[in-house]
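What follows is subunit A paired twice: with subunit B in the first complex and subunit C in the second.
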Partner chain A sequence: MIYNTGIIFSWISFSLLIFLFFNKKNLYTEILVRVNLFIQVFLFCLLEVGLFLNDFSLSYVANYSAESTPPLYKFASLWGSLDGSILLWNLCLSLFMYFYLKLYKDPSSNIDIKIFTLIMIFFVGYTVFSSSPFAGCIELATIGCSASTILPFAELVTSNIGRGPNPLLQNHPLMAIHPPMLYIGYVGMTMPFVAATSRLYSRKDKSNSWIEVAEKTTYIPWLFLTIGITLGAAWSYEVLGWGGYWAWDPVENVSFIPWLLATAFLHSAKIQKTQNTLLNWNYILVGLMFLSTLFGTFITRSGVLISVHAFSNGNIGTYLLFGMLIFGLIFIAIGSKNIEYFSKSKKIDNWFGKSGFFVFNNIFLFSSALVIFIGTIFPLIYETLYSRQITVGRAYYDILVGPLLLILLGLMIFSVKLSIRNLNIQKWFNENVILINIALIVTIFTLFLLNNSYILIITASFSFLLIFTTVSNFYKSFRLTKGSSSYWTGQIAHLGIGIFALGIILNVSQSFSTEIELNSFQEFNFNNDTYFVYNTIEESLPEKNVLKLPISNSNQTKYTSLNIFKNSSQQAISSPAVFRSIINDIYITVKFINEDSYKLIVRNNYGVLIMWIGLLITSLSFFPRLRKNEV
Partner chain B sequence: MKKNFIIVLLGIGLIIYASTIIASRNTIYYYTTSETENIEITTNERIKLGGFVVEDSVSQEDGFTVFTITDGNKDIEIVFDGFIPELFQENMGVILDGVLDSDIFFADDMLVKHDNEYVSSDGETYDVKSYSK
Partner chain C sequence: MKSKFITFLLIVIIISMPFISPSSESRLETWSKILLCPVCQGETIYDSPSEYADDMKSILKEQIDNGLTDSEINAFWVERYGERIITNPINNNIEILIVPLSVVLIFISIFIRKLYVEK
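Now for the complex of A and B:
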């Protein structure tokens, strides 16, 4: 029932989009976009219904959900694997298409909706022709389903039990919301792409309207990417016993690349708007932003991460490469049509004025993105050429990306007050002499308390100076300048980054860990505090067994636990006990439990809370935009 | 216009060149399980060994995690004494650091390849045998 309805409605949506693409009458556009949105919402709900009713005749439900799965994770199973997440992707895309039509539609032509429709056809086409979350099960595996069909009205077999989602997905609610946030960010990058390509395709007025729309539509996905990346980092730190929050893993890298590019674009778009510079560069950035999201999906979903040779197994990889090619060609074709327009781009006059700083900002952000991109694809190229598998070590990113981001931190200090004319460094020193001195004193003061290194000294003084200049600027002139909301958005984001940088440098330079073996009801000393370990408590939930180990220090008791999931024979997942303070966390994970003896890993992690506060502030940078109703 | 374009291209070229050099200095090489038959390893020499975790092979013995990895042609038993990354699961690609001693590999460090598919352990997303040569 759900199987037939789902597949038929996917087809209806597909045909409707084809009709919309070839439709010449503007009259129907809005209705069709609405109907399309309605169908996508319906399909989303339909699969949710399937998940909640445990309809195991659907291959997807049988393979990624189980009767014992708690409701929240049943809901989240929809984006737990590829086929379902494409459904969520389509829903986001139709929502953005609707908002685009309402808010940013080019009144003079219909090209933007056509390009948008083409992108939608591409993704809906995948669920129609290749693999659909509504595919019916035609052959059972021991648990779940091993073969399925995407044609309607087939004879289906129903599995008795489902496999359930991956234990990782079930461990914490954060994991349920982290992927959709990233998807919204990814999918949203379609909007600036459509805005730029369509407006330059049909540009009659030779105005800069494309850059304005592209900038406005970039901010929303940028915000969601920021939140999504933060949640991912928080999840791996707070929930998984990694103790880390960022590992330069390819999957993390490909979410960071669009973020860096979008950040670069948000800056360079600003000076194009006021000074008509960097026209061609901005166009390239918009294209790369969109293509980098396709590339990210390709990297994470095609299987190339396991091995280049796994690539041929899945078809989503080929499909996405094909998409990148098509949209890349459209992008280049429209770009080359406008060469004359791009050549009108003004030169940068003052390299140490506003425009110069923004160019430097772009150089360093773009270089970071490029470096990360190369680090991500290097193992793939190496394996293709030499048939040997390698991975790129963390040192690569530390050597290359670290300094680039440090320079950006330094540049941000000047962002408080930039004029079009060149910066007079003497004057700048005189104006900020008090703040510079305070920052230096605070830095020197912290150095007495910490193990220090050059990197720590430079980063800390930069961050302190950035924080002080931005805060004093807020204090002095927030009320005076009511108009410029995007300026204050930037300032809040910079303040957050300053705080974040302080946290991350503390974390990187100060943290240490140790391994402790002990029995129940024993205590150990760590970092001037005594910790007492009790006995394990066993807790049985429908979907998992939890072994909890209470640990207490002088003030509080926390649990570190091992989660053993039923339906799954894999390793237990451990959750940490975190004794938190603003400066450092004592972070305890259990490595293994043997009767009543335990091996614990105890970490002293500095600056993590400061990092989260910084990222939270950056995510809140949208507030000034609300003030002017400027979306 | 042309001059800027050349500068940008040169810059990008420089970054690509520098990144490639630094990346190739920071690569982590590893042997596949089949390759261990051909290499000469002195006792106690630390090597990195990569492969896929064989289904139903993971167990706990005396505080060590014992499992088997394979590249599709040759299996090697692993005795692991270290922190198991939370992403660790069966069928997943892992790289282990340790010492090979008469067909048993004693490892104390593990890298996992972060895969974005959320399938349960007996899920079918990829087939180990099909991409070993």
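Now for the complex of A and C:
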């Protein structure tokens, strides 16, 4: 039932989009976009119904859900694997298409809806022709389903039990929010792409309207991408039990690349709006932002790289490469059509004024994106060339990306008061000397007894100076409502980044860990506190067995646990007990349990809460935009 | 003038700080952050809680206690597991630094030339 309805409605959606693409009358456009949104919402709900009814005749439900899966994770199973996540992708895309039509549509032409429809056809086409989450099961595996069909009205077989989602995905509620946030960010990057290409395709006037729309439409996906990446890092920290939050894993990298490009674009668009320069550069950025999201999905879903995130191998790899080719060609064709317009871009003459700083910002942000991109694909290229495998790990990124991000942090300090004219560094120093002194004193006091290195000292001083200049600027002029809302958006985001940078440098330079072996009802000392270990508690839930080990210090009791998932071949997942404080977290994971003796990994993680606070502030940067309804 | 002098003084203090309390990372820590755990998904043996990583760590500890040089340790692991065991490819493949750096430099020079020189 669900199988037939789902597949038929996917087809209806597909044909409707084809009709929308070739439709010449404006009259139907809005209705069709609405109907399309309605169908996508319906398909989403339909698969959710399938998941909750445990309809194991659907191959997707049989393979990625189980009867025993708790409701929240059943709900989240929809985007737990490739086919379902494309369904969520389509839903987001049609939502954005609707909002684009309502808020940003070019009144003089219909070409933007056509480009949008083309992108939508591409993704809906995947569920129709290649692999659908509504595919019916025609051959059973021992658990779940091994073969499926995407043609309707086939004879289906129903498996008795489902395989259940990947254990990693059902261990923490954050899993239910992190992917949708990222998807909204990813999919949203379609809007600036559509805005730029369509407006430049049919540019009758010589205005800069495309950049305004592209900038407005970039902010929302940027915001969601920020939140999504933050939640992913938090999830990694809370669930994976390795004590870290960012591993420079290929999939993390490809979510970071669009973020860096979008951040660069949000800055350079400002320069174009006020000074009519960087036209071609902005166009390139908009295109790369969109293509990098496709590339990101390609890396995540095609299985070309090993990573925690690479859940499935499908034929989507080739499909996405094909899409990148098509949209890349459209992008280049429209760009070359406007070569004359781009050549009118003004040259920059004030390298130490606003535009100069923004250009440097773009250079460093883009270089970071480039370095990360090269690091991500380098193992692939290397293997093709030399048939040997190498790993590009943390050291590469620390050496190459670290300094670039540090320079960006330094540049942000000047963002508080940037006039168009060239900056007089002497004057700037005189005006800010008190803040500089305070920042240096605070740095000295904070770092006095810590493990010091120059990279730590420079980062900490920059962060403190950035925080103090931004805060004093808030104090001085926020109530006077000086400056545009986007200026204040930037200031809040910078403040957040400053706090975040402080947290991350403390974390990277100060954290340490140790392994402790002990028995039940024993205590151990760590970092000037005594921890007492009780006996394990066994808990049997429908989907997993949990071995909980209570640990308490002088104030509170927390549990670290080993989660052993049924129906899964994966090893047990160790959830940490985290004793939080603003400066450092004591992060305890159990390595193994043997009768009543345990081996614990005890970590002292500095600055994690500071990092989350910083990223939270950055995510709140949308508030000033609400004030003037500029979102 | 006075405040400028204070700034100068503070900068001197800050520059001397790494000498007062230097960073202390043991060789074992450094190396366990470099070696990849071959049975895990992209984790180093420092991060991984698996027993395999444990065994590797104890071999590594022995090597360091015996005073093996960095290149000897490197050669030992590369011989057994191949180059992918080293997550810091800069040690073995210098091209990994040269490629991105040159691409970035080319990009920056084109960018600035476009914006500035070509008047």
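Here is the rule we go by: the second predicted complex is superposed on the first by the 620 of 631 C-alpha atoms of A that agree within 3 Å, B and C clash if a C-alpha of one lies under 4 Å from a C-alpha of the other, contacts with A are read in each partner's own complex, and residues count from 1 in each chain.
Going forward, a residue touches a chain if its C-beta (ideal position, glycine included) is under 8 Å from a C-beta of that chain, and two chains touch if they have at least 3 such contacts.
Bear in mind the structure is a predicted one, so any value in this text is a computation, not a measurement.
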*Have a look at subunit B and subunit C on subunit A after the superposition and call it: clash or fit.*
clash
*In the superposed arrangement, which partner chain does A:S453 touch: subunit B (first), subunit C (second), both, or neither?*
second
*asked:* Applying the document's definition of touch, where does A:S484 land relative to subunit B and subunit C: first, second, both, or neither?
replied: neither
*Does the superposition put A:N535 against subunit B (first), subunit C (second), both, or neither?*
neither
*asked:* With both complexes overlaid on chain A, does A:S207 touch subunit B (first), subunit C (second), both or neither?
replied: neither
*Where does A:I441 make contact in the superposed view: on subunit B (first), on subunit C (second), on both, or on neither?*
second
*Can A:I601 be said to touch subunit B (first), subunit C (second), both, or neither?*
both
*Applying the touch criterion given at the start, work out whether A:Q389 contacts subunit B, subunit C, both or neither, answering first, second, both or neither.*
both
*Contacts of A:N276 with subunit B and subunit C, given as first, second, both or neither*: neither
_Touch test for A:N422: subunit B only (first), subunit C only (second), both, or neither?_
neither
*Out of 5-13, 41-49 or 59-67, where does subunit C run into subunit B after the fit?*
41-49
*Doubly contacted subunit A residues - partners subunit C and subunit B*: 241-242, 247, 249, 306-307, 363, 367, 370-371, 374-375, 378-379, 382, 388-396, 399-400, 571, 574, 589, 591-592, 601
*Please give the residue numbers of subunit A that touch subunit C in the complex, ascending.*
241-244, 247, 249, 277-278, 281, 306-308, 347-348, 351, 359, 363, 366-367, 370-371, 374-375, 378-379, 382, 388-396, 399-400, 433-434, 436-437, 440-441, 443-444, 447-454, 456-457, 461, 509, 571, 574, 589, 591-592, 601
*Using the touch definition up top, name the residues of subunit C that touch subunit A in the complex.*
3-4, 6-7, 10-11, 13-15, 17-18, 20-24, 33-34, 36, 41-44, 47-51, 82-90, 92-93, 96-97, 99-101, 103-104, 107-108, 111, 115-116, 118-119
_For the complex, give me every residue of subunit A touching subunit B._
63-64, 80-82, 141-144, 146, 163-169, 240-242, 247, 249-252, 300-301, 303, 305-307, 309-310, 313, 343, 345, 363, 367, 370-371, 374-375, 378-379, 382, 387-396, 399-400, 567-571, 573-574, 589, 591-592, 594, 599, 601
*Which residues of subunit B touch subunit A in their complex?*
1, 11-12, 15-16, 18-20, 22-24, 26-30, 32, 50, 56, 58, 60, 63, 65, 83-90, 93, 95, 111, 113-127, 130-131, 133
